[in-house]
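All remarks here apply to the structure that follows.
To keep things simple, chains are lettered A, B, C, D, E, F, G, H, I, J, K and L as they appear, and every chain counts its residues starting from 1.
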Amino acid sequence: MSDHTYKKIELVGSSQTSIEAAIENAIAAANKSLDHLDWFEVQETRGNIINGKVDHYQVTLKVGFRLNP
Amino acid sequence: MSDHTYKKIELVGSSQTSIEAAIENAIAAANKSLDHLDWFEVQETRGNIINGKVDHYQVTLKVGFRLNP
Amino acid sequence: MSDHTYKKIELVGSSQTSIEAAIENAIAAANKSLDHLDWFEVQETRGNIINGKVDHYQVTLKVGFRLNP
Amino acid sequence: MSDHTYKKIELVGSSQTSIEAAIENAIAAANKSLDHLDWFEVQETRGNIINGKVDHYQVTLKVGFRLNP
Amino acid sequence: MSDHTYKKIELVGSSQTSIEAAIENAIAAANKSLDHLDWFEVQETRGNIINGKVDHYQVTLKVGFRLNP
Amino acid sequence: MSDHTYKKIELVGSSQTSIEAAIENAIAAANKSLDHLDWFEVQETRGNIINGKVDHYQVTLKVGFRLNP
Amino acid sequence: MSDHTYKKIELVGSSQTSIEAAIENAIAAANKSLDHLDWFEVQETRGNIINGKVDHYQVTLKVGFRLNP
Amino acid sequence: MSDHTYKKIELVGSSQTSIEAAIENAIAAANKSLDHLDWFEVQETRGNIINGKVDHYQVTLKVGFRLNP
Amino acid sequence: MSDHTYKKIELVGSSQTSIEAAIENAIAAANKSLDHLDWFEVQETRGNIINGKVDHYQVTLKVGFRLNP
Amino acid sequence: MSDHTYKKIELVGSSQTSIEAAIENAIAAANKSLDHLDWFEVQETRGNIINGKVDHYQVTLKVGFRLNP
Amino acid sequence: MSDHTYKKIELVGSSQTSIEAAIENAIAAANKSLDHLDWFEVQETRGNIINGKVDHYQVTLKVGFRLNP
Amino acid sequence: MSDHTYKKIELVGSSQTSIEAAIENAIAAANKSLDHLDWFEVQETRGNIINGKVDHYQVTLKVGFRLNP
């Protein structure tokens, strides 16, 4: 890691399928505009309910990426 | 959301299959006696172990629903 | 539970597949050297990212086991 | 307080006006079906935004009431 | 635990004698109207003071019980 | 919410008048450069004191907005 | 701030009117016996209920003040 | 509670006997120099061990008292 | 304490009698295999319920001990 | 520790040099008016920035001292 | 502070030397692209270990800066 | 990290010199009996005071290491 500096941003990804897919969706969205995505940390898992079933998982995560030198 | 009031209850769902299935089981149980289930928030994920393998996932979640006007 | 005493240790399991698999991997590793594994509690879910995709899920969990009498 | 037992429920009140009004709305809704409401504790303050302005304050609170003897 | 669902409610028990008695009082009150009480978790211990002595211990606890199938 | 991704940023709004005004000021500032502001979550309420009176309320809040598709 | 040292005390202010008034009341009470009050941090917002309405807001806050050199 | 202001101080009481006795000891010590002690909140329970037995329970608590008008 | 290093382990003690007895039981169990037990910190107090009464108190605590030089 | 009671106060020390110096400065200030200072616990580390460099470290700490018997 | 709004970002600075140097490195990196850096708050201190020694301190901090009017 | 499992232990290191030295001392002690030490996370920073000065810094940290395959 030498003396790099990293930035962490907070995202909420969603998916109708699974917690893992909601995480992947958030990372894919971040990857469109940011380089060097390095790690993520799940902050919160929630979701909305329609007709007594989970409609979407919503996962809040922090994503860390290296700042360009 | 106009001026509705919501109530949140705390449930523990369990499943031998996955975290998502434990969430769905808890919501299905709540849906039997409550209308207007609207969202959930995962509070804790744990489980019991038998013979060195996960036997059941146990997910504590809060479920929010609109109070009848 | 009568008057047993339990010990809890903290592990980080990893998996390229899912959060559940990372949990199972940590428990399987603990099971090699410990008897009476009884329950687990997820502490943190994170992972590393390679090329804009999750490379590994890393789940920190506490594992409780009964101390030999 | 002698040896009374109290129960705490969790509500989310909303208001377009103020945080205090959201609290009052939640308590008024609880008061319709419960006696002996005694105190409240704010858990979280949030809200939704429309056109760059707060549309509703949403206040999560716990409300304590004495159980009937 | 198979696929049961559990509900957790939050109570405040009080006692002039001890923390344990305050817990027992809350559970006894819950037992009047609920079946299948299964476990409790202490959330907070406090009390009121009269003339420089503890007058009542007040213990906030969550009580978990199995929902009827 | 389909499969949208949201980003949350952290702001500190201030006001000499009220907590609500500090929240509105922070959201108005965010609205100048961001579209699709959707919700806020209060993180901390504090303020500075001059001559024994509140001079400014300072409210730290997270603001969530939808990322452009 | 050079090398000053500050002390923080914890107060609970109350008001029948608003959260802001409860904060002001606590600061005014502290100002009677302390100089150099500099900032406050809200710790908890709660209140008591009479006849299904908020009777008093009770706000716990920390107040920081500079120690005399 | 009308518009009173309260102050909370943090104490650590100790006892060789029980958690309750450690709480009582801290309150008794506070009562020597303060009037109007009104309530306490347990923050932490710990203790030291000598020869494999608890030697002293050490209970950190906050004690609230009304400020003189 | 000079430059000693300490290790903390996490245990769950249980007792049918009291919270203090559950703490003592956990420490006694640790004392069988570890020297220099020095202090404990209570992390969580819970228990199981049978027939509407506490059957066992279960206290999670950390126990600190000095590493052999 | 026999049956002594301790009090904890909260201070913010500052230093242009280091975190340790900010701690020492707060303790030195407390030592001017209090006897029997016994231990400290760091609560928060922050600081202000001038021209892109740390100008002062500000360390919030609790300081415990024995009450006179 | 009049009615300014501030933004807080989260960074991870690293250094082989000290915690303070890791903080300074993160602030220096932020200062390259942002004006009006005003304060920082340490969130977490960790690091990696090579051959039984600290190789890098990694300090997560929030940095606050004034938004341009 | 492929599918490795890691274990985290909790240590308290002490030093008369600095926070960094207390961390290094704890890691050096762990390194005597454990291989593959990989990272640490500071949990708490405290210390004891003698004659109004810091006598020892005491840093609680978690140390992670890879379990042997």
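Keep in mind that, in the parts below, contacts are C-beta pairs under 8 Å (C-beta built on N, C-alpha and C of every residue); 3 or more make two chains touch, one makes a residue touch a chain.
In this text the structure is predicted, and so the values were computed from the model without any measurement.
Separation of chain B from chain H in touch steps, taking the shortest path, is 2.
At the interface between chain G and chain J, under half of the residue numbers appear on both sides, which makes the contact a different-residue one. Centre-to-centre spacing of chain J and chain K amounts to 22 Å, using the average Cα coordinate of each chain. Chain B and chain J have Cα centroids separated by 44 Å. For the pair chain A and chain E, the distance between mean C-alpha positions equals 38 Å. Multi-chain contact residues, meaning those touching two or more other chains, occur in chain H at positions 9-10, 19, 30, 48. Two chains count as a pair here when they touch; such pairs are A-B, A-C, A-F, A-K, B-C, B-D, B-E, C-I, C-L, D-E, D-F, D-G, E-H, E-I, F-G, F-K, G-H, G-J, H-I, H-J, I-L, J-K, J-L, K-L. Contact residues on chain C toward chain I in their complex (touch as defined above): 1-10, 62, 64, 67. Those residues of chain I lying in contact with chain H across their complex are 19-20, 23-24, 27-28, 30-31, 37-42, 63.
Residues 9-16, 25-26, 29-30, 48, 56, 58, 60 of chain I touch chain C in their complex. Residues 18-19, 44-49, 52-54, 57 of chain D are the ones that touch chain F when the two sit in their complex.
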